Amino acid sequence: MTAQQISVAVLGASGTTGGELVRLLLGHPNAEIALLGANESAGRTLGELHPHLAGSAAGDMRLEPFGAGGGAGVGALAGRAEVAFLALPHGASAHLAPALLEEGVRVVDLAGDFRLPAGAYPEWYGFEHPSPAWLDKAVYGLPELFGRQVAGASLVANPGCYPTPVALGLAPLLAAGLIEPGAIFVDGKTGLSGAGKSLTEATSHNATEESVRPYRFPRHQHTPEMERALELATGLATGVSFVPHLVPSVRGVLVTCYATAAGGATTESLTECLAAAYAEAPFVRVLPPGGMVDTKRTRGANVVELQAAADPRTGTAIVAGALDNLVKGAAGQAIQNFNLMAGLDERAGLPATAVYP
Amino acid sequence: MTAQQISVAVLGASGTTGGELVRLLLGHPNAEIALLGANESAGRTLGELHPHLAGSAAGDMRLEPFGAGGGAGVGALAGRAEVAFLALPHGASAHLAPALLEEGVRVVDLAGDFRLPAGAYPEWYGFEHPSPAWLDKAVYGLPELFGRQVAGASLVANPGCYPTPVALGLAPLLAAGLIEPGAIFVDGKTGLSGAGKSLTEATSHNATEESVRPYRFPRHQHTPEMERALELATGLATGVSFVPHLVPSVRGVLVTCYATAAGGATTESLTECLAAAYAEAPFVRVLPPGGMVDTKRTRGANVVELQAAADPRTGTAIVAGALDNLVKGAAGQAIQNFNLMAGLDERAGLPATAVYP
Amino acid sequence: MTAQQISVAVLGASGTTGGELVRLLLGHPNAEIALLGANESAGRTLGELHPHLAGSAAGDMRLEPFGAGGGAGVGALAGRAEVAFLALPHGASAHLAPALLEEGVRVVDLAGDFRLPAGAYPEWYGFEHPSPAWLDKAVYGLPELFGRQVAGASLVANPGCYPTPVALGLAPLLAAGLIEPGAIFVDGKTGLSGAGKSLTEATSHNATEESVRPYRFPRHQHTPEMERALELATGLATGVSFVPHLVPSVRGVLVTCYATAAGGATTESLTECLAAAYAEAPFVRVLPPGGMVDTKRTRGANVVELQAAADPRTGTAIVAGALDNLVKGAAGQAIQNFNLMAGLDERAGLPATAVYP
Amino acid sequence: MTAQQISVAVLGASGTTGGELVRLLLGHPNAEIALLGANESAGRTLGELHPHLAGSAAGDMRLEPFGAGGGAGVGALAGRAEVAFLALPHGASAHLAPALLEEGVRVVDLAGDFRLPAGAYPEWYGFEHPSPAWLDKAVYGLPELFGRQVAGASLVANPGCYPTPVALGLAPLLAAGLIEPGAIFVDGKTGLSGAGKSLTEATSHNATEESVRPYRFPRHQHTPEMERALELATGLATGVSFVPHLVPSVRGVLVTCYATAAGGATTESLTECLAAAYAEAPFVRVLPPGGMVDTKRTRGANVVELQAAADPRTGTAIVAGALDNLVKGAAGQAIQNFNLMAGLDERAGLPATAVYP
């Protein structure tokens, strides 16, 4: 893999995350899109599936039948792409990634298939993991916490949209003893793009506008991922209770975390701890005390905003984080991981400024 | 006060809450709008200030100079209205209500001026309360919990939009010993109508669409109101940590409350406790286990939706509540209180069905 | 049919328009919902299909198999309901309505099946009309223009959402000679609720937010309905060119009509003509010169706002109209027709004030 | 002016358009932001005024007092910047631009001050133009129609957001005789970002959501600009009647134009005419027959989508166009003009792909 021009494949290019990957890769100075894969949509062009990309350089590329069930063509893929981004439904990567890896293709998996210990899959994802050996080799791709491991990894598990700001916001505070590792409550809010292209009454505009509603709690599969990310980063076990909500937006995830303050934590000390942790991180913005994170200021950009405050009345430490779930929460972070894997500037091809308003 | 036709005044009729009060009172079978009051807008017609009411029976009524500073005309008001709804900025009612009460006018105050103990005002509202004696006589107007006291009250403090679902959702569980009275975390989400007609960059459409952001925490004035409502209802002291958020909606408040489960609480026992508590309450809908509250299903209606769930992994009890902040969170609840004060059917004039979608 | 309590059936109660009919009928002082009909949804309760109506008096009513293909049970229906509202897909009423009428049930059809001359159906709706004889007896139910005929009708064709404001806005001006009957251009904008519960990528929130787009032009089936409504009202033939657009809203239709001014039309004379035409119409609001119609001021109410202006530079007369497509554009207007048919006050059960903001 | 690195000033950098200019210029390979100017906001940093740019390379740049009244410092500016973008309120550029030009600074004016003949300013903009001599030298900066003149211009009048798609969509058809030059009706729809940072009830989220409404017609100042652009491009005089509307969106302008078809125009011939006209234009996408333009597919990109259709029933030709009003409708187009003026690739620094969804 040279740093000059790296051939990449995007499998699952027909979905929302796949489309965002292609959009960002088209502007990447060192990536060359060699192959787009899909299942049902194989044979159609990128432009038909993502009309906003119809006019792009890849608009007329035809999707090829590499997808969830695409083990067959793994050899062929290996000859064409050095790195594969897997934007497939949960459960598909667990089968496909090992085959690709064995052919020497490095993999960034955007599904949840390599984020948890093997034992957690039946409970949280509903399947027995088929390749626990690869689970052990997978690196959890949160660059600001695990960038060094990512650089040398063959298989990167790209984090979920909710765990990303939770882990970035809490890990430094846990490590510094400014919050207790016990009970942590995470309240998440997301726009609808996290649901991808699924069409249900719940994702319709008529049901979404003027609607705020929780969903799938307390069993959301990002819950154990938050605990695991925090443990990987700090060695400490936590117990996270997580409630996600849908709000009438398209992009944007905001998490608000409530923990018991420790070590005399104040708004200032919490903020300084985060600011110090991310002083060199190009994509993390720690707001000064009183600053309020805003998903809108992250739209289209690979950034996460963080803020922290102590509530001395109740001894609580509160951390809020915001990001664009399709960029820093998915496709952008995957490219950030790719950059590290390829020895490129971490920022290559990644917008750091939101399209605002 | 006879149950037939009761003359009412709405002071602060130029604001958003005032407009909603008038809209609902226009459809009330037993209320007669005798007087609309305002400060700067005195002299203008209701229809000029609220164009959606221009075609109504009150569209040509001219607002009169009874408002925040309107002590002068209190005597005149008393001759025209039996009950006054005060939809004035915080701090104004504290001065005006006592004068009205002394003239024999019963008062429903929609501001925060009679919701807290006197000692809390400097810290949370920034003023020294001018009439602590009346504070002691004020009844906290959450009909489902304190309906009996409301019926006989001269001065009702209409609850805030956030404390309403928090108190309704947690009080029965606290009383039943199904949650611990210690630390309680409340995560609130609101549309922009709670900000009324204030015009700032934050309330503009350009800043709101695709934006989710926390605000004014951990110092929101509804925090001590939640604690006090719970203590009034259960006798138990709690410590609430509250973070409110703005979401891109107009109407709708959703609260998600996290508490430590107790007494072997399960999703079923939490749900049953709430269902039993509100079996006779016409405006509270307790959803079955797995049901998800939705602000959209409350829009325009005087209802609150509640759901409860246990998270046994972490020993947490979670309660979510949704309402329309202008109706059950303000004007509708005020009219519900009025109905009780006047000996009317609690439901008189109040829509129980949302305008959906 | 007595004016006291009239039994009604709603067929197609599972859809968006059907739900709105039930919501409004629940608050109607003279209507008693005797029967709810559906096809695939037969057997389910109203509350399951429309959760916002779960708590209402009809929430536990079970839908019965009277729907698009429901000719079989017509006799049974006739014994239970005096009036049937048909909120079925286009093409179904054309078969069902005659059967009901022959059993003595009066019918308000909310589909397009009785709005056009028989010859127009193949071209605009794609089917040969099965009962042209009933077409001749159907009354076009625009109460402000054809109220007298409605009162005596057995079969009322409830107008479409776009033709309603176009006909109300242009008919008086055409009749007065203030606009030319030749070419008329109508630009329509609608929220997504007009698409009902259909689930396509186009109706998803992700595709709708921040999207403005035309659709189905120049072949929208409301085009000939506009021409026919104008001809029925004025005897004049027009040629309408119509382009509808989807905007990111749920409720609300706005039409902007461009015609050649005639007879020395000025903004004032156009406005006066409309104001005079609707001086006695409780649901039509003609705005003064310079006033701008707004869909939001009609939300949830059975009103239409109209404004007119001359553009003397180009000799154009411009008329804009706004309404809530589910109320004055569908269910509300159907009830207004029902009121006239039943000899009730035209306004019975119909909200005239919008839920705003 | 060398093609390598060109120093630019942005005056009016505190506004919405100014912010978008800076955002795009930050990613431009050949532009160096030498100076940011403002009036009231002088002294503040870019990041304070545009928090989404706080983390950018220009985030800490302080705005300097060059703005509407900034003639005094013109000499100083000339020494620092080769090109000035003026994103000032209407009327300010008319005074400032001549002073800059006389110092040798080339100017791209984003206001309306150099778009019309001198005689039109009193009527449409409410002021007497102070420098009619410069008006004659200004080039109307619609690159696809007047790119050659732009390349050599010192003063470019950057077009308005509505006239851009109207002129691009109609000029080729007029020139080819496929539409009549007489009466043309233009129906415009815009999101709220066109209103910039003005704070009124009309621009609040509460008034905008679920609202569709016309505004400022028939006197919108873009009307004569449309006529002039068409005349500049074709030599033909037209009479445009224009009604703009606000829809609940932030970015996005869509225009729908109705003209009398001529020359046997069909959907196919209209489409082919447009496709041929823009075959070499990188930022114009002509959709095939039946394709529907969508503002959402242009968000954040410097593109305009066009579609055309004949309505043979009425002899009408309909053209619809969509763009992002802040990019191709303002800042992006200004940079496209800058590229041409500087002899750069027209596409330099300009995103051609929308951020979607």
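When the chains are written out, they are named A, B, C and D in that same order, and each has its own residue count from 1.
Following the convention adopted for this analysis, a contact is a pair of C-beta atoms (placed from the backbone, for glycine too) under 8 Å apart; a residue touches a chain by one contact, two chains touch by 3 or more.
Note that the coordinates shown come from a computational prediction; the quantities given were computed from them, not determined experimentally.
Across the two interfaces under comparison, A-C and C-D, the one joined by more C-beta contacts turns out to be C-D.
Chain pair B-D has a twin interface among A-D, B-C or A-C; that twin, with over half of the contact pairs alike by residue number, is A-C.
Mean C-alpha position of chain A lies 37 Å from that of chain D. For the pair chain C and chain D, the distance between mean C-alpha positions equals 39 Å. Remark: chain A and chain C have CA centroids separated by 47 Å (rounded to whole angstrom). Shared contact sites, meaning residues of chain C that touch two or more other chains, fall at 16, 193, 206-207, 209-210, 248-251, 294, 296, 299, 357. Within the complex, the chain A residues that touch chain C are 16, 192-193, 195, 197, 199-201, 203-210, 248-250.
Chain contact summary for the complex, chain B toward chain A: residues 183, 185, 187, 189, 191, 206-207, 209-215, 217-218, 223, 239-241, 243, 245, 247-252, 254, 256, 258, 260, 292-296, 299, 307, 309-311, 313-316, 318, 320, 322, 357.
Here chain B touches chain C in the complex through residues 16, 19, 23, 26-27, 50-56, 193, 209-210, 250-251, 285, 294, 296-297, 299-300, 303, 351-357, going by the rule given at the top.
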